[in-house]
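By letter and in written order, the chains are A, B, C and D; residue numbering begins at 1 in each of them.
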Amino acid sequence: MAEFDTVIRNAVVATAADVFEADLGIADGVVAALGRGLGPARREIDAAGRYVLPGGIDTHCHFDQPMRDAVTLADDFLSGTVSAAHGGTTTVMPFACQLQGQSVRAAVEDYHRRAGRKPVIDYGFHLIVSDPTDTVLREELPALIREGYTSFKIYMTYETLKLSDRQIISVLALARHEGAMVMVHAENSDCIAWLTAELERQGKIAPYFHAVSRPQAVEREGTHRAITMSEIVDAPILLVHVSSADAVEQIRWAHGRGLKILAETCPQYLVLTAEHLQAPGFEGAKYICSPPPRDAASQHAIWQGLASGVFHVVSSDHAAFRFEDPEGKQRHGVQASFTKVPNGLPGVETRLPLLFSEGVSKGRIDLRRFVALTATNAARVYGLYPKKGTVAVGSDADLVIWDKDREVVVTNELLHHNCDYTPYEGMAVRGWPAMVLSRGDIVVEEDKLLAEPGRGEFLRCGPPARLA
Amino acid sequence: MAEFDTVIRNAVVATAADVFEADLGIADGVVAALGRGLGPARREIDAAGRYVLPGGIDTHCHFDQPMRDAVTLADDFLSGTVSAAHGGTTTVMPFACQLQGQSVRAAVEDYHRRAGRKPVIDYGFHLIVSDPTDTVLREELPALIREGYTSFKIYMTYETLKLSDRQIISVLALARHEGAMVMVHAENSDCIAWLTAELERQGKIAPYFHAVSRPQAVEREGTHRAITMSEIVDAPILLVHVSSADAVEQIRWAHGRGLKILAETCPQYLVLTAEHLQAPGFEGAKYICSPPPRDAASQHAIWQGLASGVFHVVSSDHAAFRFEDPEGKQRHGVQASFTKVPNGLPGVETRLPLLFSEGVSKGRIDLRRFVALTATNAARVYGLYPKKGTVAVGSDADLVIWDKDREVVVTNELLHHNCDYTPYEGMAVRGWPAMVLSRGDIVVEEDKLLAEPGRGEFLRCGPPARLA
Amino acid sequence: MAEFDTVIRNAVVATAADVFEADLGIADGVVAALGRGLGPARREIDAAGRYVLPGGIDTHCHFDQPMRDAVTLADDFLSGTVSAAHGGTTTVMPFACQLQGQSVRAAVEDYHRRAGRKPVIDYGFHLIVSDPTDTVLREELPALIREGYTSFKIYMTYETLKLSDRQIISVLALARHEGAMVMVHAENSDCIAWLTAELERQGKIAPYFHAVSRPQAVEREGTHRAITMSEIVDAPILLVHVSSADAVEQIRWAHGRGLKILAETCPQYLVLTAEHLQAPGFEGAKYICSPPPRDAASQHAIWQGLASGVFHVVSSDHAAFRFEDPEGKQRHGVQASFTKVPNGLPGVETRLPLLFSEGVSKGRIDLRRFVALTATNAARVYGLYPKKGTVAVGSDADLVIWDKDREVVVTNELLHHNCDYTPYEGMAVRGWPAMVLSRGDIVVEEDKLLAEPGRGEFLRCGPPARLA
Amino acid sequence: MAEFDTVIRNAVVATAADVFEADLGIADGVVAALGRGLGPARREIDAAGRYVLPGGIDTHCHFDQPMRDAVTLADDFLSGTVSAAHGGTTTVMPFACQLQGQSVRAAVEDYHRRAGRKPVIDYGFHLIVSDPTDTVLREELPALIREGYTSFKIYMTYETLKLSDRQIISVLALARHEGAMVMVHAENSDCIAWLTAELERQGKIAPYFHAVSRPQAVEREGTHRAITMSEIVDAPILLVHVSSADAVEQIRWAHGRGLKILAETCPQYLVLTAEHLQAPGFEGAKYICSPPPRDAASQHAIWQGLASGVFHVVSSDHAAFRFEDPEGKQRHGVQASFTKVPNGLPGVETRLPLLFSEGVSKGRIDLRRFVALTATNAARVYGLYPKKGTVAVGSDADLVIWDKDREVVVTNELLHHNCDYTPYEGMAVRGWPAMVLSRGDIVVEEDKLLAEPGRGEFLRCGPPARLA
C-alpha cells in the first residue's frame, strides 16, 4: 500500500449513502484509502468530533459575468472562489455566457481569460446559450461537449437571453443527441412583462413589486412548458432555482408520469420570503432576485421536496451586486423602479452553512441527503463524478471537515465575497467548515485562506450520469 | 494498519451512493479498509470484472411459520437461508408471528426454537402483532423493542391476523412512542370477503378469480387508510408488497403532503401479471399471492416508482408452498376454490437476479439504486445499519461478488429452496452472484454452499433510521 | 285552458337552468301554465320585483328522533316543518331510524306515528339502516323501496349506528340492485375513538376539543373508503355534510375517475369555523356537530366546490338540541366532556337565507345554481322529481316568493324552531322568503303561518334520477 | 292571454334543468306560454312521442372564411346554415376573421357582406383577433363589443393567426375590462413546428403523421399556458375543441383551484380516433383537423368530462373542405405532405344527432345535459341568453322537435352541406330532428327545407353570462 501524504484520523465520513467512522488516507491528491489505523503520513489531521464530507459543489454561481446597463457583478473568479472555499465548497461551475451574435467558443475563450490565474478551487463551465444558430447547434456545441463543456443553461425570460420555444426544443434535441444536460430558467417572460408594465403604470415601483411582477403562476407556467418540451424531445432537463409550491407541484406531477425532470433550489427559497422585499426604504432591493422569495407555504413545500426526492441539487445562484454602489443595486438610485435593480443575491459562502443548519441541525433532512444535495448529485448530473462529489477511493481529496457544533451568527464581515451585504445578516446557524481541502491541499483552515490564486484547475466535464 | 484476513482485489464496489474501484480488506469479519494495493492477506480474491455489493437483505420472507388448515410452508430456517444465500442475500428478517391469545414473547421464543441451529446467514425477526392486548402494548412490545425486535408487521386482512383500525392506531402510537417501525399489509378485508362471496356464489372459483377478488381498489383503500392512521399518529409506516398503480398513486400523494410513508414492492409485481393466474388447469395457483400480480400498467407504475423514489425496499415476500403437495397449493385438490389455496410464492433466491436483470441490466434503475433497494434502505429502516447494508469501513463483510454478465435461465432445479416450482421458470436473466460472503466467510462460491447450518447469528435490531 | 285557482303575476321565475319573466298559473295545486297575461284567477298575487323559486327541499333534517342517553331533539314534525316553511322550504325528508334489533318496517311505522297529523308541508322519509340483517336486506328494504322509501342513510361512525365495511357493501349492493340511493356519513370511527380517548386522558374536554377529535383526515379517510366501496359495487352514493378541503379533494378525485359520487354540504360549513367552538365557557357547545366546522381554507374549498360541480345538494342537517336544557346540550352540565354533548345544530329555517345571502347576493354562485342545490337536485336524487323540485308545468305548486332585497339580522327570536338558540345569531343576511306556497296553498305570508298542522302529505319516493 | 300563432301539443319539453309535458304556445316568434290545453292556434303541431328541445346553437363553425394558399371552405352562409338547420341547429356563430394588418371593423364588414342575404337561421359573429394593435385593443374592440360582438377567438398556433403570450394577455385584459369572452385554440406552435420538421425530414408525410406532429403534450401545454394567463388577468376563457385526456386533466386541475375555465369539445373527439387518419391511401386526409382525434382513453376522458362538468359546450368546429377538389383536401395532390392538407372537418349537421345518439341514447349523458351542452350554455357564455338557448316564456321559439327513436345511417347524400364527404359515413345513429322552428317559423320539416335564404337575422350579443 502506498504511503499517504495526509491522513485524516477519527473522521465520521459521510457520503450520499453512508456515515461511518474511518481514517482517510490521501496520496497524490486523491483519496487513497479508507480504513482504521491508517498511516503514518507526512501530515496528520485529527477530525475527532467532526464530519468529513465531500467538498461542496456549487453548480449555479455567476462570477465576472458582464451585465447590460453598466452593472457589475461584485465577484470575479478570485473573490468568488475564495468565498466559496471559505463556505466549504471545493468546486464551482459558473457560466460562460454567449452574447447575442457571439460564437459560443468565443464566449468560452473569454471566460477562460476572465478566470485566468484567479481560482483557488477547481472549476468547470456551463454554457449559457442565448443565440442557438445553426452553426452553434451543429458545430460549436458538439465540439465543445467533446472538450468538456457538457451542460447548457437556457432562459425563458430576460430580454437578451431568452430563447423561443422553438430554440429551446432545438437545444434540447442537440443535448439529447450529444449527451449534454440542459438547465432551464423557467419563467414566462411575456407574463412578467405585462405585469411589470401594469405595476409601473400604477406607480408601484418599490422593490417589493418585483415579487408581485413574478407570481408563482409565472414560474409554474414556465415549469410546465419546459417539462413538456423535455417530454416531447425525451431529453432530461434540470430546472434551476425552483422557488414556489406551484412549481414543486408541477415537478411532482412530472415525476409521477415518469419524466426525467431534475430540480434545483437555493437557500434563499428556504429561509427568505417576499416579506424581505418589504424592508423599509430601498433595503428590499437587497433581496431582489428571480424568481423572488415566496411565502411560508412555498418554503414548506420546498423543504418537503428536499426530503422526498423532488429536488436533486441545492446551489447558491450566487449573483452578487453591491448595495451601496452605482454599479450595483443602486445603479439608478434608491428611487428607481424595481425594474432597474439588478437581479441577484450573494450566497456562495453561506450555502452549506444555511442548508446544514436549517436542514440537518433542525432535522428536516439527514446528513446523507445534505451530501447528495450539495455535492454528489451535482457531480453526477454535470459529469464530474467520480472525480468530484464523494468520499471514495480514487476520488479527488476535495473535503470539508465540518464542525457540526460551531454556532455562528452570519454577518457580512465574516464573509469573503466582494459584496457589501449578505441577505442573511444576523441569522444564527449551527455548523460551519473547520477545514477545507482541495485535491489534498488545505485551502482553508480555521477561517484562514491557505491557497494561492490560480491553484484551482479547470475541469473538463463528462456526459451527465443518471441519478437512479 | 491491521493485517487482513481477506483482500478482495480489483473490485468495482457499489454502495447506495457510489461506484468506485478499490481493493477491500476484511479483518475480523468486518470491512477493515478500502484502498488500492491493499494487502497482503491470508486469502485473496480477485473480483476483476465483477461488482462487489453489500449482500442482499431480505426483510420480507416467511420461514417455518405455522399456517391454519394444516398447510405447511416449504421452507424452514435452513432451506430458507441456504436459498437466500445462493441468491446473494446475506441477511434475512423473517417473522415471529403472534397467535391469537398468545403472548408475543412466547411467539419470539417459539421462533428462536424454530430457527435453532439452522440459519447459514444472519437473521433478525419482525414481530407479527395479531392480538395487541393492553399487556402486549404496555409491557411486552416495549421490552422486546429494547431487546432488539424493533419492527412489527400488522395486517388489515386475513381473518386470524387482521387488526381493527383502533388496534392499528394503538400499535402505531406504541411504535412512535418506543421507536419501532410498523409494516402494514394494506388491503380492505371486508371488500375482499364480499367480492369473494359473490364470486363463489357465481361459481367463479378457478385460481384466476383470486385476482378478481382483490382488485386494485381494495389495496388502494387499505393504503389510503393506513396512510391516514400514520398521519394522525405521526408515526411512519412501511407499506409492504405494493402491487398496483392505484396504491402507487396514494403513496405519491402522501409524499406530496410530507407524510412519512415508506414502501416496499417485490419482484412478482415487476415481472408477473394477473394473466399468469389464467394458466391452464390449476397451474394458475402457482401465482396466487396477496395482493395478486396486476397488469402492465401497474408494472409500469411500479418501475417508475422504483426509479423516482416512491419505493424504498424491494423484498421477496417469500412464502413458498409446494404445488404438488397436499400440504401445499393443492391442500384441497385441484378443483378447489381459489379461497382454499394458500397465498404465497417462493422468491428469496431470485430476488436479486430478477431485480438486477430487469432493472439494472435493462437500464430501468442504476446500480446504486439497486443497492439501496436491496440492502441499504432496509438496513436503515429496520435498525441494522451500519452493521449491515453497505460496504463501508466497520460494516460487516457481508458481500456479494456479482457477475453482471452471467446469463442464466431460471429453473427450479437451479434453486435451493424446498419448493417444487418457481414462478419464474424459464425466465432468462443477466447477472448472478459469483460469490457470497457473510462476515468475511465465503458462504457460497460458484453455486456451492460452503457454510454450516447454524453459523448465522441472530441480529438485535436498533431503532429505525431515517432515509433522508 | 283550465281556469286557475291562483295566478302569480310579474314573476321572475328561476329554475336550475333558466331565469325568465312570466305569470304563473296554479290549478289543483300544480303549476298549470307559465305565460304572459295569464288569468284571471280567483286569487292573484303580485310578485313584481321578487323571484319565484321552487320551494326548498331539505333532505337532511332530524325531527323527533329518539336519542340515547335521555337526550331529546328540540323539534318534532310540527315545529320542524313550521320552521322549515318559514325558511322557504316546502318539502322535508327526515329520517326513520332503525334501532339495533328493530325491523326497518317497525321503524317506518313508528316515524309515521311520530309525524302523525303534525307536518305543515310535505315530507318523505330516508331510512337509517343500522342493523342490515339478511331479512332487512332481502325482504324489508326491497318491499319498502317499492312503497316509496328509496333512500337509506348509513353511518361509518357512532357506536349504535355504524356499519362495518361488509355491511356497507351489502347495503350498497342491495341499493344498486333495487334502485335506491345511499347517503353516507363518512368519518373513521376508530380514529375518532382513539383521538377522543387521548384527549380525555390529557384532560382536554372543553367543547373545542370536539373539533380536535375529528380532524379532516378522519373525514377524508371515511370519504375515500366510501368512494371505494361505491366503486367496487358500482353503486352511486351521496356523501352527506361534507365539511373539509380534504374531503373535497377526494370527491374531485373520484369525479376525475368517472365514479358516481354525489355530495352534500350544509351552511354550517360555509359560514362557521372551528373557532366558534372556542367561544367562552360552554358556549362552544352550541357549535358541536359532526363533522365539526373547519377553517377558512375548507370554507373556501367548499364554496369553490359549490360553484364548480363538486356538490349537488345543500341541506341543513338540522339536529337541534336546546342549549339551556338538561335534555339538550347541557345534558351532563357545563363542565362535561365534549363527548357528552349531543352533536347537532338547528338550521332548517336559515338554510335558504344563508345560502342565498352568502352565495347569490355575494356573487359566489348564481341563482340557477342556488335552485339546483336547494331543490332540484335533491328532488331528482331522492325520486321526488318532477312532482317536486322545479317550477314547471305539471309540478306541484311548491313555491317560494323570494324577496332578494330584504335585509334581516338573524336572531333566534325571529325563528320558529323549538330550539333556544341559533348558531347564526346576529348574522346579517340579504334575501328572505316573502311568501311560501305548498301545492298552491299559501303556508307562510310575510312571516305568518297560514297552514294547519297535518296539511303536509307523505311522499312516496320513486327511484333516484340521474343528474347529468 | 294572447292568441297563439302556433301551438305544439303533447310535447315533452326539455330544458337544461327540466323535462316536463306541456303544450307550447308561440306568438310573434317567441314562446308565449307553456301549459296544458293551450290554444286554439292558427297552426297546431302534434309532438306526441317526441321531445321539444331548444334549437341547437353551434358556436364554433367556419363559413366562407378565406384561407391561405387558394384553399376554399366548402360552405358559405347559405349551405352552412341550411345544413345546420337540417341538423336541428337554429343559431350559428361563425367567425369574422381579422387578417394581419386589417382593422377588425373591416373584417366585420367583410363578413356581413359574405353573410349577405344567405342565412336561413339566426347568426352572430365571434371575432378572430389576429393582430391586436393598440388601436384594435383600445378603440375597435371596445366599440364592437358595444355593438354586439362580445366574443373573440385567439390562436396559439397557425402562422398567420397566432398571438404571442404578451398579445394574449393584452386581449384577455381587454376582455375582462370590457366584458367579453375569449375563446382559445390552445396548442404549442413551436413544438408542432419542430415535430413537423422532424417528421418531414424523416419522410413521414402521410396523413397519419398529422396526428403525430400534434401529440397530446402539445395541447396540454397550450392549455396550461392559457389557463395561467387567464389566472393572472382574472379573465375567464373558453378552451375550444378540447381533444385529449391530458388537456382534460389540466382543466380539472384548474377547476379544483377555482379558476374560471370553460371548455368545449366536438363530436370528432367523441367518436373518431387517430386510427381514422391511417385509412388507406389519402383517405386519412378526410380526418385531418387540429387538434387531431386521439385515442380511446381520450374519448373516455372526454365522455367522463361531459358527464361531470368539465365541459360546457359541444360545438362542431365545422370547417369543411371538399376531398376530391383542388381547392380542398387535395390542394397539393394525394402525395402531398400532411402539412399541405387543409385542417378541418364538416360537422354542423351531424353535431346533434351524434351527441344525442352516442350520449343520450347510450346513456352516457342525460337529456338535460344534452340541452345544456348543445344550446343553453353556449347562449349564456356568448350573451345570447335568454333570447336563445332555452324553452322558456319570452325566449325565441327556436325549437327542434326531436324524434328520439328514428334510426339513421349517416351518409353524405343525406346531408345538406356542400362537402363531398362526411367523416361519419356509415355510422348508425338513433335520434334525428323531425321538425325545426326558428322564431316560430318552420324551417325544416321531415328533412325538407321550408326557409328562404336571408330569413336568418344577425344577432347582437350581450355580455357573457355566468354558468353557475
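The definition used in the following text is that a residue touches a chain if its C-beta (ideal position, glycine included) is under 8 Å from a C-beta of that chain, and two chains touch if they have at least 3 such contacts.
As the structure is a computational prediction, the values presented were derived from the model and not from experiment.
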Chain-contact steps, minimal, separating chain C from chain A: 2
Starting at chain B, fewest touch steps before arriving at chain D: 2
From chain B, the most remote chain by mean C-alpha position: D
Rounded Å distance between chain B and chain C, as computed from the means of their C-alpha atoms: 51
Whole-Å gap between the CA centroids of chain A and chain B: 39
Per-residue multi-chain contacts in chain C, two or more chains: none
All touching chain pairs, where touch follows the definition stated at the start: A-B, A-D, B-C, C-D
Interface residues, chain D side, partner chain A - complex: 164-166, 168-170, 173, 188-191, 193-195, 215, 217-218, 220-221, 224-225, 228-229, 231-232
Interfacial residue positions of chain A with respect to chain B in the complex: 1-2, 13, 15-22, 25, 32-39, 249, 252, 255-258, 300, 304, 307-309, 365-366, 368-369, 371-372, 376, 386, 390, 392-395, 466-468
